[in-house]
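Next up: some structures, all given as structure tokens.
The two complexes that follow have chain A in common; it is paired with chain B in the first and with chain C in the second.
Let's look at the complex of A and B:
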């Protein structure tokens, strides 16, 4: 094998580190996206028995957005194995206990249950905020595009921009704003 | 009695119990324990194995198609194209490549595959179908529609 081919082979099968910002993203749609990177489906060399998955670092998992009233309606089931050991935890309760768990479970459930799934999950690193250990962040060479665009909040605009924004009407002087 | 062909000489054709069981045992030869030595156990396992083999012929084709699709889609998405646009674009350029060839090119010949996506992209731009309308057209690709 020539030097060039050896390097090519090495570069083809090297694991890449991706970073994904989960702020205001639907965790269940994000899971379908992250799954592709974790399992290596995004590479043309993909094969179920080819270990070509990448690492994904997810930041800001505290700020995920669940659709509709799922925070109140989605229930996570756990059973300790003992009689009466069943517990049902609402999504908002689980998120308060561990802000990474909803996303982790979403990714785990999006994959088929086989022997490889646990090892694939080892390549997913979720952090509730932006504080990622520098030894992990140093590996990152790609950012995964967010599914939904992040709208800019009104309080993040400067005062001049808000004032310069075109208005339809001015409120009358005696109009009471509630 | 005169046998015209050699096939008629084979004794396994008759209703003889030994030879009838021997047919099954030959299929069960690679199993372990009683499933290769006892006929009543072996026949069940052999029947099941034959059913699996019958189903497997279809499943194998499905698995291969699934894998090829996954590879082509992965190759397309690297170049910002979706699978349907690639197929439609290549079809309109009269490039009749099947999934096997496309998947092999995507995995083993990434530059050739990129050239194919460029052609498909250019055709998509020209004919204005699919989702590629707002993408930048590739440079230096000439399709048949342009030369007319």
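Let's look at the complex of A and C:
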């Protein structure tokens, strides 16, 4: 292999680091999105037998949003292998114990159970908040767009913006402002 | 150790020995041996071929050496030997004269023995891509090179409809602008 071809090979199979903000995102829909980046399905060179998956850093996994009443109803099953070793943990309990676990399991379960799955999971780095080690964040060169927009809360607007906002109605005279 | 290797066809790419056919063509089939029985019915087709067609074949293809090998009470076989050292054995039990002709034509036009192989691509090119193979950096937005990560603007989903708040804000701004324009006209 000539020098040029070798460099071409490195360039084509270079691993890219992506960052994904999980704030207010459904972890199960996010998993379907992140899995494509982790396995390299988004690349035109993808083939199940070539190793072209990217790294994904997920931040703010503490702030994921489960749909409906799934915090109370979703159950994670674990069995130690010993008699009576079965445990059922509710999603909110699991999230309290480890805020990265729900997203991790969602991504793990979204992929087929083949030999590659464990190695693909090694490329997923989940952090409960925005504190990512700088040596990891330095690698990042792309941001994955969120699946749902993050609405801006009233207390996130500045006081000026709130005051400048157009008034639609006048309150009735007997309206009591709390 | 046992393997299942024999169960699968060997994957191969199309190749041409030393650019055969560019400039001149060298027939890759060098030698062909027709083995047959003079009495047995299963060799009838090959005997007919030898009687009626073989001389024509030999005249048309002077670069191929043809041997005939009669052998008693054994099945008819065509053995082909190629320039690259491959040899191929075709069993032509009960084949008709036309089938033998077709087999010989195949052997004559092949570049070697391709039995037990599978072509990974049905085409070949010396220049697979003019613009070069894809890399993660092709078609990449250059603005990303200067972006700081994590970036709130790059995280926002695309193709989202305007919120009521934004629309109201826009309406209000338009209204204000028109008021300013009117007041300036009055002056």
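Note that in this section the second predicted complex is superposed on the first by the 170 of 178 C-alpha atoms of A that agree within 3 Å, B and C clash if a C-alpha of one lies under 4 Å from a C-alpha of the other, contacts with A are read in each partner's own complex, and residues count from 1 in each chain.
Simple rule for what comes next: a contact is a pair of C-beta atoms (placed from the backbone, for glycine too) under 8 Å apart; a residue touches a chain by one contact, two chains touch by 3 or more.
Bear in mind that the values here come from a model prediction, so they are computed numbers and not experimental data.
Once the structures are superposed on A, label A:113 by its partner contacts, choosing first (chain B), second (chain C), both or neither.
A:113: touches no partner chain.
First (chain B), second (chain C), both or neither: which does A:21 touch?
The answer is second: A:21 touches chain C but not chain B.
State whether A:142 touches chain B only (first), chain C only (second), both chains, or neither.
A:142 sits against chain C, while chain B stays out of touch.
Return first, second, both or neither, reflecting whether A:45 touches chain B, chain C, both chains, or no partner chain.
In the superposition, A:45 touches chain B and chain C alike.
Thinking of the overlay built on chain A, is A:172 touched by chain B (first), by chain C (second), by both, or by neither?
neither
Have a look and say if chain B or chain C is in touch with more residues of chain A.
C
Who does A:84 touch here: chain B (first), chain C (second), both, or neither?
After superposition on chain A, A:84 lies in contact with neither partner.
I'd like to check the shared interface: which positions of chain A are touched by both chain B and chain C across the two complexes?
43-45
In the complex, go through chain A and note every residue touching chain C.
Counting only chain A, the residues touching chain C are 8, 11-12, 14, 16, 19, 21, 43-45, 59, 130, 137, 140-151, 165-166, 168.
Please give the residue numbers of chain B that touch chain A in the complex, ascending.
By the definition above, chain B touches chain A via 67, 70-72, 74-75, 77-78, 103, 106-107, 110, 113.
Would you pull the chain C residues touching chain A in the complex into a rising list?
Result: residues 132-137, 144, 147, 149-151, 154-158, 160, 163, 168-169, 171-172 of chain C touch chain A.
Write out the stretch or stretches of chain A touching chain B in their complex.
Residue positions touching the partner: 41-48.
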